[in-house]
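Two complexes are shown next, each including subunit A; its partner changes from subunit B in the first to subunit C in the second.
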Partner chain A sequence: MFLGPGLKRDLSIETKGLRRLFKGIPGKGDVVALDQVDLEVYDDEIFGLLGPNGAGKTTLIKILSTLLLPTQGEARIKGLDVVKQAPQIRRMINLVSGGETPGYGILSVKENLWFFSQLYGLPRDFAKDRITKLVDQLELQDYLNTRMAKLSTGYKQRLNLARGFVNDPALLFLDEPTLGLDVISARHLRTLVKGWIKTGGKTVLLTTHYMAEADQMCDRVGIINHGKILACDTPQRLKTKVAGGATWKIEITPNLSQPESVKSVQGVLGLSQNDNIETGITTLKLVLEDESVMSDLLSKIRDNGCKVLNMGKSEPTLEDVYISLVGTGLEE
Partner chain B sequence: MAVADFVKSARESFRVGWKIESNWTDPVLFATYQIIRPLASLLIVAFIVIIGASVSAAGSLFYNQYLAWLIVGTAFYAYVLQAMLGMSLLVFIDRNRYEILKNIYISPGTLHPYIIGRGLVSVVNGTISVVLTLLFSEAIFNGVLHMNIPLNLLGVNLFMLIPAVILGIIGLLAIGYMLCALSIVANRMEFILGDSVSGIFFLLGGVIFPISLLPGPVQAISNVLPVTYFLNTVRESFGLLPVSNYTSDLALLGVTTLVALALGILVFRGAEQRARKLGLFDRKSEY
Partner chain C sequence: MISGPTIRKDLSNNLRAAYARMWVRLRGSNRDPIALASEIGLPILTIGAYVILYHAIGLPASAGAAVIVGGAMIAFWTNVLWNMSSQWFWEREQGNLEMYMVAPVSRMSILLGMALGGSLNTAIRALGIVLLGIFVFQVPFQVRDPFSVGLVFFLTLAALYSLGMLFASLFMLYGREAWNTANLLQEPVYFLSGAYFPAIYAPIVPFGLQVAGSLIPMTIGLDAIRRLVINGASITSIWPEVLALIACILILFPLARHSLNYMESLGKKEGRLTLRWQ
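The block that comes next holds the complex of A and B.
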């Protein structure tokens, strides 16, 4: 829940001028993964980080979870420095990375969770209760004594999530947690996270590729590209900012042969195109400064050899915000 | 991290390590695997010695004492082999195959209780190998071949053996700890680290021949290895070396173990810092 400016809340995450460079290909210089990132995430907040591949989302999470050192700048978790006070930070955090299934295949679901509960030094009875609760919430009861290696990908991912919650962390990093998950498992995750944050004193930093997920789950969203935070606010406020312009959905066929020519039309803030292979119809989502550019835009679309099938103005979504800031859709 | 929590983490890591190492197959096959390697290496070396020895030497007091010396050295070398091979591969397997290293690293105890717990699995495996190798040797050389080798398993001085084994194990775990640290930062060296170090200890640690047979400068290296004093003190407890040297050998084992511990901590800190700098805790080898 975002209380808005003026109301003081405890900071869970704070970064100032955070910069991270990686060694690039010889002769090409260093790669800037994070560039002067200033970020504030509060207690009791689900904060979403949206950005394309290579935008710096995972690098930021790795620095905050004490896996990686920053090249420059400061990062604090609950006021503790990630470089100098990592041991104290580790008691309060946990990390779940989507698409990974960390755990020992030869051990059962229960044994894997028990192992992690003991790494966090949880008292025996508390650990047992915690595991039972998590197993129920993630509907893993029938697989409690099943070896992890025998679980399907979706159930392995559920186990991964249960592991992330096992120490009841004050701050949970979810790095694309629904990546590769089936619809039901993804829904379980969202319900679990939203229920958990209500228990109080918790914070979630979530990176995702799914706009609807960010819109639905996050109290605030940061949009990151090329290592820089481009915008940071509640999904509603971000959408309101874009609503000043015009968001349009245009269906065409075939797809654009030269999308850059459409993007370069004066007044086009962003464009994304989604091709439907089955129907052969491409949906363009456009964020425009105003509607006066429409005639130039349509003529450019026709210059691409495309036929306009349908068009209409749409309510701004988080995706439109993203398109207007980054210039392209997240899938591109 | 509180001591109780550290012990709890290490104990659980041991339990998990034991399950991973013993549950991959049925118990009979596991037991066979545990015994076959050390016993095979012992028998190979022993029979080379037996066949290679001159007829006049065979059966002599010196010859039989040397065989007993060789059997005890080779048997206890199982601790070295298990610790070096097991611990050098630990990081690689848990990082690449199980993708679990980074999650263990960001737990309160980081990798320390986990490495110790997993290292102790190597110690248990080593102990099984040592005991079985000694029993089989007694049965084969004295029972079947009637060679009268002075290998009196019941006559071993436990008051001498136990401190030697405990200190030796601590020293080996410290070296294994170093190998874990190195394999966090080393690239594509995981498979040669353990083999190389255990190979060096086999050659220079007085496992199959006395270090006095080595050239002078090489002996200097042998003299700073905990393995050398570990095997000396163990043989002294079996009465195969002058017992009068036991105290000084135990002291030297203690000193070299302390040095290995200090070095282990330093190397680990350096490797941890480098791994955080380069982001290596979740790196996957590209092969």
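The block that comes next holds the complex of A and C.
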């Protein structure tokens, strides 16, 4: 969702010059997890943060959810300072981290959800209704009385998601929520989040590794690497920025022995390679300044001892945006 | 300024959270029959062994009664140490601590819930030990002032759980170090509080150790309860212990609160609050 200039929306999240350092290995200095992060996320928005492991996504979520203090700068949730007004903020938020299964294994799905609802002061009957609704939405009905310890990973993750929605938060942090979920469950979650945001007055900050997920779900996306926000806009606008150049898909075999030599070709903005072990074919995704670099590029690929099997221009995707900004693909 | 309704709502939310955590402790423990059996059964064996030993060496029956009371009370100390303080460590490992931190409730209310749930469970164990003493070993009890017994018991629990909250703050931030500290506190407290030996042995315990023991709320409470239920004493002879327990609560409770806030703040600053497997 993007509003034109002049139309002001309420800010849900605002950070200014946010910086977070962690103590590094002795003698190596501090690790910069976040570096001068300025971010604005609005009400009724699903905002996605894309970045590789260690980019600073989880650190940012931990600061915004009052679990970590910033080293410098400020962060506000609905105008409230995360450092000074944490108790007020906690009434409005919830956090779901993918791969985590908070709760008690010896308790059933229903009992766990009831317990977490009580941390938010939900009256008994109200909590019961909310849990019934969530259980229906996440298709947990058959497991209502099953102990958490006996659930599969996917169902534990569904329970974790239900827990995140139990207080109907104004702002929900989803940290890699589809991690470990099968395709159907992941699709289910996306539909649920998109439906929930339409109820109004809600905001979602989502971190993900999956480009398609960000593209499909997010109104705006921020690309983060080494603690810095490199770009922030709607997926469409980000793609348009890359469309000025050229995005190519080239299939080769075997894979590049020296990918750096290809990356160093003048005019190559970014390169990602995806190896298919079964077929032995490697797919290169390249973001180029323009097509004039193609002959140099192909000769470098041949210098690597590779044979070009197929090549073609492709429509820019969010992955191309990422490659052009970070220089490599997300999996590398 | 925080308004009256907000304070009332906060209080109500915190009480709900405490109740829910208490319920989790009770439900969880009672679903695990092996844990329940070992919780009640194993301490009974240890206590029984002491009572038989004291009987065999010809000590008066009141020595056995002292061990029964000691065994019943020490169960609450074990609960504080392992089922409340160190539970914080496991909550962090499971990812629950993070959820508690994000929720709009005080850490104190979660700990209160753990304490209440734990003490109700422990009460079953303590009752088992007392019943063993009365019906199997026929140790003599003479209770002339049940109100004072209740009062001292309540004050001892309040002081112990305040101490437990203080330890919990360590477990919030430290991992194995705090775990080892709890291990380190278990047997010395058993010894210093005199849980397993009757008062006639007290003179042979070095004075320094007696002083160290008297700093533990467990020792103070245990001493007062033994005099109330074995010697048939009344409140007039145990008021110094009552005052000492009140002093313990007045010192330990605010200290625990301060320590929890400090450790939380330090954890958030150093990024260690949600760090696992330290």
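What we mean here is this: the second predicted complex is superposed on the first by the 330 of 332 C-alpha atoms of A that agree within 3 Å, B and C clash if a C-alpha of one lies under 4 Å from a C-alpha of the other, contacts with A are read in each partner's own complex, and residues count from 1 in each chain.
Methods note: a residue touches a chain if its C-beta (ideal position, glycine included) is under 8 Å from a C-beta of that chain, and two chains touch if they have at least 3 such contacts.
Predicted model only: the values in this text are computed from it and were never measured.
**Q** Put subunit B and subunit C onto subunit A via the superposition and say whether they clash or fit.
**A** Verdict on subunit A: clash between subunit B and subunit C.
**Q** Classify the contacts of A:273 with the two partner chains as first (subunit B alone), second (subunit C alone), both, or neither.
**A** neither
**Q** Tell me the contact category for A:90 with respect to subunit B and subunit C: first, second, both or neither.
**A** both
**Q** Go through the superposed model and pick first if A:12 touches only subunit B, second if only subunit C, both, or neither.
**A** After superposing on A, A:12 lies clear of both subunit B and subunit C.
**Q** Which of the two partners, first being subunit B and second being subunit C, lies in contact with A:111: first, second, both, or neither?
**A** A:111: touches subunit B and subunit C.
**Q** In the overlaid three-chain picture, which partner chain does A:208 touch, first (subunit B) or second (subunit C), both, or neither?
**A** In the superposition, A:208 contacts neither subunit B nor subunit C.
**Q** On the A-aligned overlay, A:247 touches which partner chain: subunit B = first, subunit C = second, or both, or neither?
**A** neither
**Q** For subunit A, which residues lie in the overlap of the subunit B contacts and the subunit C contacts?
**A** On subunit A, the residues that contact subunit B in one structure and subunit C in the other are 22, 62, 65-69, 87, 90-91, 93-95, 100-104, 106-107, 111, 114-116, 118-121, 163.
**Q** Any idea which subunit B residues touch subunit A in the complex?
**A** My answer: residues 1-2, 4-5, 8-9, 11-13, 16, 19-20, 23-24, 98-100, 102-110, 113-114, 276-277, 279, 281-282.
**Q** Spell out the residues on subunit A that touch subunit C in their complex, using ranges where they run on.
**A** It comes out as residues 22-23, 62, 65-69, 87, 90-91, 93-95, 97, 100-104, 106-107, 111, 114-116, 118-121, 163.
**Q** Touching subunit B in the complex: which residues of subunit A?
**A** My answer: residues 22, 62, 65-69, 87, 90-91, 93-95, 100-107, 111, 114-116, 118-121, 163, 167.
**Q** In the complex of these two chains, what residues of subunit C are touching subunit A?
**A** 9, 12-13, 16-17, 19-21, 23-24, 27-28, 31-32, 94-96, 98-105, 265, 268-271, 273-274
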